[in-house]
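What follows is a structure written as structure tokens; I'll ask about it next.
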Amino acid sequence: MTTSRNLTSKQLPQATPWVIAVASIIVAIVIGFLIFGGFNIPVVAVLAGLINMVAVFALSASYEGRRKATDRVATTVVTSAFVLACVPLISLLWLTVSKGGAAINGDLLSRTMLGMKGILDQQYVAGEATLAGGFYHAIVGTVLITIAACVISIPIGVLTAIYLVEYAGKNRLGKAITFLVDVMTGIPSIVAGLFAFALFSTIANLVMPEAAGIAKTGFTAAVALSVLMIPIVVRNTEEILRLVPMDLREASYALGVPKWKTIVKIVLPTSVSGILSGITIAIARVIGETAPIMVTAGFAKNLNWNLFSGWMSTLPTYIYDSQLRPVSPGEAAIASSERAWAAALVLVALVMFLNLLARVIAKVLAPKTGR
Amino acid sequence: GGSATGEEISEGGNSDLQGTITGIGASSQKAAMDAWTADFASANSGMTVNYSPDGSGAGREQFLAGNAQFAGSDAHLDEEEVEASKEVCGPEGAFEYPVYISPIAVAFNVEGVDELNLSPSTIAKIFKGEISTWNDEAIKADNPDADLPDTKITAVHRSDDSGTTENFAEYLKATAEKDWDAEVSGNFPKEFGGEAAKGTDGVVQTISDTDGAIGYADASAVGSLGKAKVKVGEEFVELSPEAASKVVDASEQVEGRGEGDLAFDLARDTTESGAYPIVLVSYHLVCSSYKDQETVDMVKAWEKFVVSEEGQKSAAESAGSAPLSDDLRSQIETVIDSIKVEG
Amino acid sequence: MPTSTQTTASGPAGEPEPDSHPEPGKGQKPKAVVRPGDRIFSAATLIAGILILLILAGVALFLLAQSTETIKAQMDDPSSITGGKGFFSYVWPLIIGTLISSAIALLVATPFALGIALFTTHMAPRKLAPVLGYVIDLLAAIPSVVYGLWGIALAGNLTAFYLWLSKWFGWIPIFAADENGAVSQTGRTLLTASLVLSIMILPIITSLTREIFLQTPRLQEEAALALGATRWEMIRMSVLPFGKSGIASATMLGLGRALGETMAVAMILSPGLLTASLVVSGNQTIASEIAQNFPEAAGLRLSELITIGLVLFVITLLVNMGARAIVAKTSVKGS
Amino acid sequence: MSKQIDIKDLDIFYGDFRAVDGVGMQIKPRSVTALIGPSGCGKSTVLRTLNRMHEVIPGASVSGQVLMDGNDIYGAGVDPVNVRREVGMVFQRANPFPTMSIKENVLAGVRLNSKRISKSDADDLTERALRGANLWNEVKDRLSLPGSGLSGGQQQRLCIARAIAVEPEVLLMDEPCSALDPISTLAIEDLINDLKDQYTVVIVTHNMQQAARVSDRTAFFNIAGTGKPGKLIEFNDTSTIFSNPDKEETENYISGRFG
Amino acid sequence: MSKQIDIKDLDIFYGDFRAVDGVGMQIKPRSVTALIGPSGCGKSTVLRTLNRMHEVIPGASVSGQVLMDGNDIYGAGVDPVNVRREVGMVFQRANPFPTMSIKENVLAGVRLNSKRISKSDADDLTERALRGANLWNEVKDRLSLPGSGLSGGQQQRLCIARAIAVEPEVLLMDEPCSALDPISTLAIEDLINDLKDQYTVVIVTHNMQQAARVSDRTAFFNIAGTGKPGKLIEFNDTSTIFSNPDKEETENYISGRFG
């Protein structure tokens, strides 16, 4: 038996981390001035972070001991990582919300770009008219193409993940699929678009050689997005399925439940929250794609409800086009930019809604661990 | 410009037409195309014209593959493409003619400098990185009266392959060959360094954001930035639509092309007084013949509207382009009239 | 009925294990009985898996087919390739740029993603955590264009920092100023692009790691705590080891996006010749090269661009192989 | 109807490792058979081969025969799912389905085998099974709450209820009472006594008094050392095993000061 | 040096649910105290409050005092980490660290405290702890294999080895033998006997004979019904509890036909 340890080891007062943090910032500003002769936010931030870290560790280590100090530093690091990561994230969201919020109105949501021309924007900028145009067609395009992409990717992705986790074991096909799915995540989005377009052009040429340009449809875009989406769905689902305890499967098998039913009724419901969250992130990932949509679905200004014929616009292509190729270049480009930000806001709201929906579904189906 | 008379509308607009025609191509025409399609659709409620501003290369590629009824292109077809067009467009191949003429501005953002005169060789040296401050002797020589700061020059070019770059480089090659020793292409020569930005908008924004920046961009997009006057002959010419049109009128047609081919070799090195030689001319490509009468009617109606006085005026208003001259228009109209059904 | 039987475990579609124990003459394998439901279901999953292989094969084939023109040109007349010095001297600066930007993005994003995931699962107040996770998920949805615009704005603010970096750390080649002693005036350097990429891949990595950290068995965490581990020690003993393979997967997902991201990089980066310094303008990534040149490309140029797409594809393949090898090597034997 | 199980020359492997060697025993219908022995001797392993549950473990394999009423459950054309429907199992560790309520857990076996069952039948069955597992009184007011919210012992009894709800012919129990308090254990033992009127019950237990109390026949397994396979040392009537075993090994194990 | 634990008027809640009500008891140093009672009566719950492990469960809270040698472990300024370092715990379910080898598992706690431990010290400690948990012989040849590859009983003993390797002052054991065979159980009981020379041991068990064998004092908990809180019914010397309890409730429970 070694020495007796004290229960109430010395502990820094609760406010200490905050005091140290504030002190570090002040010291950092001072040092910033002394050494670099000026106030530079990144320099001060980095400096403050380092000083804070060292100070927390030194103080805590001398007072509370090394382990506690490590814990404090780790907590500080993790928390600052979080806060620091939030800065760009919030700035991005804020940019979208503030710019989009200022521009958005019901008309933008209900009109298309049909009949839109630069002179109208010039009049708007000159204060002679209200903002014309809108992106109803792009909202419809986004929703349709995304749904179609989901209809293709989710079954393929989830089933593949099930194959990998439940059936493949360690066989070669399983390993090959796992590996290639990883590779698939690295396909540049434009290549996915070109592939889908080439595929459907070939098919269109075989089926209807006479018709020109029928390969560019919403469905082609959905296929392109699926190429991007499937690996994310597979990867996420696979990881989540592997976490389902073997116990549960055994319990089910022991009741004489066939494997497939065990998977459908026990394994999937247990992991549904994780799977849905993976699907949501996959949707979020592809719903913002620009390049593959432009090469596969063309660029429409009008409303098109038909996935299988005619061009379509989506919110990202709309945003891209409005920002980079304004209806009226020059001074009046600001009008296009306003529409673009409003569309970006709608896109984020759309994903937010999807995310919420997924969470609600997950909550209903997820394991009930509450006691 | 002229006024939109009833006659013109019925000429360009035939409200019996039903259907969709599709075009792919140059992004430079995008703003003009927005105006044309909007106006055309209001006169022809049964017709839709789609245009995807994917780029000139994509436009020509898709058009030659039969995936679009017409294309927009910042460059005319080369010999090979002319041959290829005969496969999709019948024995006479494709017709091409300019529809959109736009001056390219050399825009700058230098504090305290509102006006700037530049000679071709100075421009070339600036974009090559050989002149690196604003108070360089060469610039002073062009601007004896200006108060030039010693700000570092940030030369901004397009990072993407673009018609604007190609036209700009062609101009420098023609007027300052000694200094501009790179091959002309849509890609800015990387070895010349400088800052690059994507798209016209990216270039304009970068210039606006950076003190001491200079770049080239479609004139319609540069807004309130300073626009340099360029040396033509012995005088410095200010950018204007009229000045831009003048160059096209002074240019020769490309030789050895068919009847319907109105491709131009622009006279960049013109010394004609009042001509502004840094221009971009963007073409429309159509087939000499289509498979059915409906398409022929639709294409004819559409293209006629595009080149009509009304169409050109609308584009000038919305997109800031330079209208075609009456002379050129009548040439083009003859070409459009000769589009026919295959066989 | 055979007098003696021997069956192997693993699922219906699993490959039978090779006979692992010497019982010659004893074992005769009966046909595995598979219920129709199981057969249909396992066939469905197998088909889905094979479909993925087909898609990938399709993409690879497409890339290869479209690359033939470049390959031919490379053999017949290398000077016809962009840059005039053949395909390899055209592509290798792009490869370097791509690898550097992805590596930086990953190096920056992974610790932050882990930090966020840990914070939201093990440190944040319980009520707040899901909301935070939710907000971060949203960021995956912001379109590249918006990231691009934001990145351009960011770039402007970074110039002072880059100047400072080059002043104090210029002796490190990646922070060196150019021959005039200047750094990029616009801040649109590969470093900026990489930082924006890291923010773009953050939600992707975070989302999966968070789910995995949440699944750490309570028993494991309690085991550590009961030994007197501090929270951080508990995380190191239970949470991180448990999440290891998941973290690797998540990182690979992020890497995929970083390698393949086109539009944001295309908008932010001021591309140019390959340079070691990351604070002056220059360098280019494959995906961005494709995005910037694709619209005007035709014929051979188009084929070149698709060929570099193929190169990127191969890079992804190699990087993944490498990563897998490392993960396999470092993970504890067995378990 | 219960079944007789004949185990003939059964070897069990985990990959290359021979965990159990040459087991042969005859398990009578309508009886309780207890498997006892030191930890790691392969009791759980043998038990799992009786309903082919070992097949779930990658690499596990058997050679030899297990006959149920004369039919080899490892024979050609035998579906393990059918085997498991007739041979129920309760595990060492309680494993209720976390997504299901207490009631759904009890009905899981019935429901998942897609038997249509009317609401009143379901209620009856739930009550019957839960009463049988001595859990009814504790949970009757919270049948729709999640099963994972129960204490360890309660969860184990829930699993027993779930297993008996499908009315199997043979019931395998791997240390079913190891997490239970005496009152629950008593109830389970009573239940086992009731069950043996109709079913064949095989139970793994460390509690020798429990083996002595509930079983008709007892199998003693032992292991010579680590890495060696477990072996069946003696299989006999429980009374014989505990009063007058044939082998000295058995005697030594039994006469430990345990109870 | 071992510690005395005074529990004063302890109420334990899971959210709003009062799981345990008004427990007061004095646990003597250098003794073994057993907690017995029917399932769900709150034995595990009480045990976990002795090293603040209940704090891991969202919503769990206590009111009352737990004094260790007079210091309230819930007092201001007390760090639960310190508490847990002095109060080791072995759980109902074995929970070895799956990514660590057997040896690393044993050393896990020690490594936390003293980063630098010489290889020979580490080897010694590993052997000592594993011997103490009666696992040494079974695993000495595979110390570097993962701990999760062991059988249930072996895993549980590994966890005991891990807990005693850090030489705590108090050792809490929640049904540590419920998955063990008699031989291992014997070893653990011997170990507990050894430990009490130096440590304070608190053990939850369902095996009343075990309680009788190993403990000096026994606390009997009971629960009036579902949803009611568990209460301490009687706390006395083990001999008194088993031979001559004060309360009839205790008598009834003890005199069940269990052993």
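Order of writing sets the chain letters: A, B, C, D and E. Residues in each chain are counted from 1.
Following the convention adopted for this analysis, a contact is a pair of C-beta atoms (placed from the backbone, for glycine too) under 8 Å apart; a residue touches a chain by one contact, two chains touch by 3 or more.
By chain, UniProt protein names: A = Phosphate transport system permease protein PstA; C = Phosphate transport system permease protein; D, E = Phosphate ABC transporter ATP-binding protein, PhoT family.
If you're wondering where the values come from, they're calculated on a predicted model, not measured in any experiment.
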### Distance in touch steps, counted as few as possible, from chain B out to chain E
2
### Query
Hey, which pair has more contacts between C-betas, A-B or A-E?
A-B
### Task
Compare the CA centroid of chain D with every other chain's and tell me the farthest one.
B
### Query
When the C-alpha atoms of chain C and chain D are each averaged to a single point, how far apart are the two points in Å?
47
### Message
Roughly how far is chain A from chain C, centre to centre by C-alpha average, rounded to an integer in Å?
### Response
15
### CA centroid of chain D to CA centroid of chain E, Å
28
### Chain centre separation in whole Å, for chain C relative to chain B (CA means)
40
### Task
Going through chain A residue by residue, note those that touch at least 2 other chains and give them in order.
67-68, 71, 169, 258-259, 261, 323-324, 371
### Query
Tell me, which residues of chain B touch at least two other chains?
27, 54, 198, 202
### Query
For chain C, which residues are shared contacts with two or more other chains?
10, 14, 35, 230, 233, 291, 294
#### Entry: chain C residues touching chain B - in the complex, by the definition given at the top
82, 152, 156, 180, 182, 184-186, 188, 266-267, 269-273, 281-282, 291-299, 301-302
### Summary
chain C residues touching chain A in their complex are 10-15, 35, 37-38, 40-42, 44-49, 51-53, 55-56, 58-59, 62-63, 66, 111-116, 118-120, 123-124, 130, 132, 134-147, 149-150, 154, 158, 160-161, 164, 199, 202-204, 207-208, 211-212, 215, 230-233, 235, 245-246, 249-250, 252-253, 255-257, 259-263, 286-287, 290-291, 294, 306, 309, 312-313, 315-317, 319-321, 324
### Query
Can you list the residues on chain E that touch chain D in the complex?
37-41, 44, 92-93, 137-139, 141-142, 150-154, 175, 178-186, 206-209, 225-227, 253, 256-259
### Task
Provide the residue numbers of chain B that touch chain A in the complex, in ascending order.
20, 22, 27, 30-31, 34-35, 37-39, 41-42, 48, 50-54, 62, 65-69, 198-202, 218, 220-224, 291, 314, 317-320
### Task
Report the residues of chain E in contact with chain A in the complex, numbered from low to high.
1, 14-15, 17, 68, 71, 73, 75, 77-79, 81-83, 85-86, 112-113, 167, 169, 198
